[in-house]
Amino acid sequence: DLVVPNLSYRTGPFAAGGIPYADGFNDYFTLLNERDGGIGGEKVQVPECETAYNTEKGVECYEATKGQGALVYNPLSTGITYQLIPKVSADGITLYTPGYGRTSAANGKVFEWVFNYPANYWDGASVAIKYLLDENGGSLEGKKIALLYHNSAYGKEPIRTLQELAKKHGFTLSELPIDSPGQEQKSQWLQVRRDKPDYVLFWGWGVMNSVAVQEAANIRFPMDKFIGIWWSGSENDVLPAGDGANGYKALTFNGVGGDYPVYADLKKYVFDAGKGSGAGDSAGSVIYSRGMYAAVVISEAIRKAQELAGTPKVNAAQVRDGFEALEITDARLEELGLKGFGQAFKATCADHGGAGGAMIQQWDAAAKKWSLITGFIEPDHDVLDPLVAEDSAAFAAENNIAERCN
Amino acid sequence: MFYREAGDFKTSYVDDSQTFPIRFDRMRYYAVLVLGFGILPFVMNDYWANAVFVPFLIYAIAAIGLNILTGYCGQVSLGTGGFMAVGAYACYKLMTAFPWMPMPVNVLLAGLVTAGVGVLFGLPSLRIKGFYLAVATLAAQFFLVWLFNKVPWFYNYSASGQITAPERTLLGVAVTGASTPAWAKYLFCAVFLFVLAWLARNLTRGTVGRKWMAIRDMDIAAEIIGVNPLTTKLSAFAVSSFYIGIAGALFFAVYLGAAEVGEAFGIQKSFLILFMVIIGGLGSIFGSFAGAAFLVLLPVLLKNVLVGGLGWPTDLAAHIELMIVGALIIVFLILEPHGLAQLWRVAKEKLRLWPFPH
Amino acid sequence: MPDQLLYAMEVSLNGLMAGIMYALVALGFVLIFKASGIFNYAQGVLALFAALTLVGLQQGQIPFSHVINAIFGTELHSFGWTLPAIVAIALTALVMVGLAWLIERLVLKHLVNQEPIILFMATIGLAYFLEGLGDVMWGADIKKLDVGLPQGISETIDALTFNAFGYGFFIDRLDIVAAVVAALLVASLTLFSQYTKYGRALRAVADDHQAALSVGISLRFIWVLVWSIAGFVALVAGIMWGSKSGVQFSLSLIALKALPVLMLGGFTSIPGAIVGGLIIGMGEKLFEFFAGPLIGGATENWFAYVLALLFLVFRPQGLFGERIIERV
Amino acid sequence: MNAMNPEGYVTSDGRKIGGVLMEMKNITLRFGGVKAITDISFDIREGEIRAIIGPNGAGKSSMLNVISGFYIPQEGEVWFRGKKRAPMKPYEVAQQGIARTFQNIALFEGMSVLDNIMTGRLTLMKSGMLDQAMWWGRAQREETEHREKVEKIIDFLEIQHIRKTPVGRLPYGLKKRVELARALAAEPKLLLLDEPMAGMNVEEKEDMCRFILDVNDEFGTTITLIEHDMGVVMDLSDRVVVMDYGKKIGDGPPDEVRANPDVINAYLGVSHD
Amino acid sequence: MLDATPTQAETLLEVNNIEVIYNHVILVLKGVSLSVPKGGITALLGGNGAGKTTTLKAVSNLLHSERGEVTKGQILYRGDRVQDLNPAELVKRGVIQVMEGRHCFEHLTVEENLLTGAYTRTDGAGAISADLEMVYNYFPRLKERRKSQAGYTSGGEQQMVAMGRALMSRPETILLDEPSMGLAPQLVEQIFEIVKAVNEGEGVTFLLAEQNTNVALRYAHTGYILESGRVVMEGSAQELRENPDVKEFYLGMSDKGRKSFRDVRSYRRRKRWLS
């Protein structure tokens, strides 16, 4: 069997996001097992391990599942990711962190075992600015943009990029940290109210999201000028604010909603068969879809690995090669019943970061639905690439890593 | 009679103040040493080392440290997480600034730095007592975490504020970094624990320990008897922080390998270590070990039973695990408010009388 | 008026309001501490539990459905009713009384006359347990709590201040409600504890369990009473905070915001909780306003504690706490 | 009476009493509105057993607290060994050789009897923290030396059998004895005893009296004691101070005090024996 | 046993051969039996650690909070087994204890302390304030200090508070643990006079543990002597007073009357009846 552990969190402060993500992840593999008999005829086992978003439990989970022949890890936590980067490199197991984790891991020359395509936080920051440029006819000169962020490694990731972009496009950036968990954001929002920034970008997670949306509504901040990263754009985040949340925007690197053909199969093979993961009420939601996206990419990478290795029983090293050789095309997505669900990309030895595009979705409070208002927007690679190179070089130097792929 | 103390007559005061005055205990102690240093490191795998033993050893150090402050000197502190962070960041700065420095020196220096910080935050204890002090130490906890999160110098200006331990070797074997073998991690921490526990035992049985305990039991009477509360409390803060700093340094460098301050050294850590000390037994070195073992092992055990054994969904298991841990804490307190150490003592007293009821 | 000053005024006002929200949680602590000398770490979790129960009852969620479904493979979810807020609140209050009774029965009764730190520890165990129980009963997803409290900017104050200063102040209507509720609670609780025989008994119990027993005060009754009231206060706090940020795990962490308030006001003073709340709320917001931008922001958490610490150095028992008796 | 002789005097049973060891001059102590001590002066001579008596709430314990530096009087001076004492912390007073017991027993409940008594010697122990941590050489040697001294006191007070018992478990009377042992361990010049015999029966009081007399005899320790048992006070003390409502209403040898009508009125009631 | 109690009345409280163990291991009472007649004053005498306090606590059910338990024997109050009641119920039945070592509520004022004594009473505020006056009459010193926090009163004042507090509950039986400890001689007499007055005037039954054998035997009707957890002697106060052993060990008298504390030059070997 193929073992893909699911380091999930269904408890603790971030359970609200962790639950649907883990469900989406599990359900897709269940679908593969039930419908196709696994990947390439090998069944996939998804042993779940609860981390509660806690690094120590993450380590325990990693050690506990590693012995079972784990092929790839996806812990959905930037903290745990940093923890595991050195460990997976030593143990030779792939770490796949779509849309989170250490951004500079996109540089495959330094991070052999880590992949974070299709997009990372710096991509996200850049896409958001690109979108705003479009809205403002190509110039943000003299505009004020505030970044409201989770005061942790995760929230701090985009700062460097945004500072670079501010220099390039001539807007001023103000940074407003919010301590976890973020139930109390009065100060920050009063400041927003006083400073009247043109736009607010938001890097939050957990309860911080819903409070921020609520507070924005309270101070009557125009919601369509408030843009969250993809982890701040789920139904959970906007529903509590009711109508006030109408018009709030968020990034996403995968499609949302239950309209994809794959859901017919999921219903047939998984939900109706009583094999759904969790309570089964989150299918089609934003975070569920993202969990499913991760599962899709992992299964495709395994398929690729099987193809390369010529055997369905691949090991961890072969799976890594699969990740490195992975190419997701629009056609393949359509085959999977997920047309337009994600951006096409192709990984290489040096590029573990993918195309980096993301879409903008907007909340419709009346219909209680997210709808996509743009297609994939490309990030500004000219700004990002040097940053990635610089950060990964520092890591390489600190850890005596010689660059690969030369 | 399983437990004999007959036949042990002391002829000198030195004998009488031995740690294990009873021969049976002494033999058991040597047996544990042989097991801990001679056998375990060579049979354990990565899982046991990383999920159970290494955290146990490190938490035991932290628990001894906190026990010195809270159990022996009576100053309840909730700043343990913050002080561990000081140890961790001091160790990180030392490791990166002086790559040639041997790891044990780094760890010890980190402990000393923490001791200094501990004394600073211990100053209010001269005025503030009891739970007021406990809450006041939270100021240290939150401030330190904020500081390490905010000032880039501490994390060497890395993009996200994470710190990662580079590889360092000792006698040619890696002790930090990803390629460290399980046994090396274990032994490195075990040696620290052994030496520190021995020192703690010495400190607590002599003059210093008596001063601490006097302050704990009745600070006014102690002062009237001639104990200087200033130096006594501050020395407890210093020694305790030294231990906790070392624990923090090991926690970051040897166990986790990378850390984010709010996550690894948050307030939860302070509480966790306080639990260990209380569950284990305030004012008992053995209790610190017992408490650390209990709280490291219990969740792992429960998880393996509930998820691995009974096959429950992880979330349900996690919730039930919370309930069980909570209930067990209460049950233990009801059975024996003075902790596992006292439970053990009572059991011994019973065994000593066995087969008679009293 | 210079802008900076106006802003500072607005920030202070909001700080006061935030302080009242903290004080609501602190009140529960004070009650229990006053009545039993127990530093009740579970107060935050109690608020979470109350809010979860309220939402669950209001929306007709079947308790433990998640477990039942997992074990028996059923598909239970909801009773299919939606209760009026007031009914749900009343029912939840009953549940809290029941909980208080259970806590006394299963925990406190067995820990009479133990040292404070042991009791403190027991409440931590309780916190764990209730946290797990809340999740098992009602699920860990985020829930919206709506009992019809107004939210959002208060137009009146905005307009008033705009006319007066040319800059409209932002005050959340929810905060105004909280302030009114808090004032009522504090007034009635103060009366209760100062002027009734139960109030006196409550303070007696806090001083000396054994002596209280010896004069015939039933610890059981006092404790059930106090924990019920504390449970009710937790419910109020839960409603306020839940309306503000939804109901989920993090709600229990508001306890950490209440601690500095408690420390500053004194563990044993009901009015102290409010005054402490006001000072802490205003202090931390003003500090963040003036100093935050200079030193990188997110200072509120630690500053609240440092502020309380400063006060304590001068008054070790808090502003209104009972003097700590030091005699030989 | 030759008690006024600055060189000292000889008691009826032949003990030599020396010069003035401690002198309290016009002490006044207030707590808010409550005047605990009003303008009291008296002296304590070397080698003497000096009793303080008076009704409940008269301010006796407060007086001891003033002597041991725990209360700072608003007015008045304390002279010790011929020098005026500067305001100092209680632990500094202890280091000058003043030890005491407490009315509401103040033992360290969490420690064994032996450890409690060893705390009495803290002011005499010198080894530093590092020595202690290593436990070799100096620390261990010192510990053993002091332990020997303490064992002598344990023998003297006949509490060998409870040496290792946690004091929390002891009955009241033994606790009092342990407290005395702790005070003795400090080898004080001046020993202050606050109701050492409360809660004891006659037999135990007799023992306690013996201990007190022997301490006084053997080590020449000066003793100041507060006691409500008139029998004890009359038999033991060389001179008695009587207080009432914070004021001194009598001072002199026991017989003289016993005959003082003010004292009878305020304290003794019907003449007692 | 010869019973020369002046009030030859029914037995109110009966303790039958009880055994008490602390902490599961420390056996303290090894079979103690007592019977306390209604309307009498019964003294419980014995040296330090004899188990007097433990006996009283066993009766008032306060042992639980000290991790002690009655493992054998039974305690009957008016013929009903009471050892499973909680202390509050016992107070409602009219048994109240004055604990050794005062145990005042430190943060409450003297007056509030006294009022808590009336917690279980239901006979109205008027009766309670009348009793408050009565207590102030007994202890004028308390009236002066009524507004001070009990924690700041002197040892003797606290003892008065504890006594007064018990009186405030209008009990049927009072268990008094060392009422004379730390009181000035005048006050000791006074307290015992109060005991006597309350006993005679209101028919309150007393069981008192005392070290001050002298006074205790002057006021008590019957007495028990405890040693190391056993009753070693019992009888009427008169008898006990005249017993030569009691005289020597508990009253400090020899044939020649009271001897000086100074004269006991050599330590005597303790003579013990048992153990």
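Order as written gives the chain letters A, B, C, D and E; numbering starts at 1 within each chain.
We adopt the following convention: contacts are C-beta pairs under 8 Å (C-beta built on N, C-alpha and C of every residue); 3 or more make two chains touch, one makes a residue touch a chain.
As the structure is a prediction and not an experimental result, all values here were calculated from the model.
Participant: Over the chains that touch one another, what is the least number of steps taking subunit A to subunit D?
Facilitator: When the steps are counted carefully, the minimum from subunit A to subunit D is 2.
Participant: Which chains does subunit A share as contact partners with subunit C?
Facilitator: Under the touch definition, subunit A and subunit C have B as mutual neighbours.
Participant: Return the chains shared as contacts by subunit A and subunit B, ordered by label.
Facilitator: Where subunit A and subunit B share a partner, that partner set is C.
Participant: If you tally the C-beta contacts, which comes out ahead, B-D or C-D?
Facilitator: B-D
Participant: What is the distance, in whole Å, between the centres of subunit D and subunit E, each centre taken as the mean of its C-alpha atoms?
Facilitator: 29
Participant: Just give me the whole-number Å value for how far the CA centre of subunit A lies from that of subunit E.
Facilitator: 75
Participant: How many Å are there between the centre of subunit C and the centre of subunit E, using C-alpha atoms for each centre?
Facilitator: Distance between chain centres, rounded to whole Å: 45 Å.
Participant: Approximately how many whole Å separate the CA-defined centres of subunit B and subunit C?
Facilitator: That gives a centre separation of 32 Å.
Participant: Quick check: what residues of subunit E touch more than one other chain, meaning two or more?
Facilitator: 26, 152
Participant: Where in subunit B do residues touch two or more other chains at once?
Facilitator: In subunit B, the residues touching two or more other chains are 149, 220-221, 224, 313, 315, 319, 322.
Participant: For subunit A, what residues touch not just one other chain but two or more?
Facilitator: Residues 10-11, 15, 19, 151, 179 of subunit A touch two or more partner chains.
Participant: Please list each pair of chains that are touching.
Facilitator: By the stated definition, chains touch in these pairs: A-B, A-C, B-C, B-D, B-E, C-D, C-E, D-E.
Participant: Using the touch definition up top, name the residues of subunit E that touch subunit B in the complex.
Facilitator: 21, 23-27
Participant: Sort out for me which residues of subunit A touch subunit C in the complex.
Facilitator: 10-13, 15-16, 19, 151, 175-179, 181-184, 186-187, 190-191, 193-194, 206-207, 210-211, 214, 217-220, 236, 239-240, 244, 274, 279
Participant: Could you please specify the touching residues of subunit D with respect to subunit E in the complex?
Facilitator: For this pair, the touching residues of subunit D are 13, 31, 34, 54-58, 61, 103-104, 158, 169-174, 195, 198-207, 209-210, 213, 228-232, 235-236, 267-270, 272-273.
Participant: Any idea which subunit C residues touch subunit A in the complex?
Facilitator: On the subunit C side, the touching residues are 7, 10-11, 14-15, 17-18, 66, 69, 73, 135, 139-142, 144, 151-153, 170, 172, 241, 244-246, 248-251, 253-254, 257, 285, 288-289, 292, 296-298, 300-301.
Participant: Residue numbers of subunit B touching subunit A in their complex, please.
Facilitator: Those in contact with subunit A are residues 45-47, 50-51, 55, 96, 149, 158-162, 164, 166-167, 177-179, 255-260, 262-264, 268, 300, 303, 307, 313-315, 317-319, 322.
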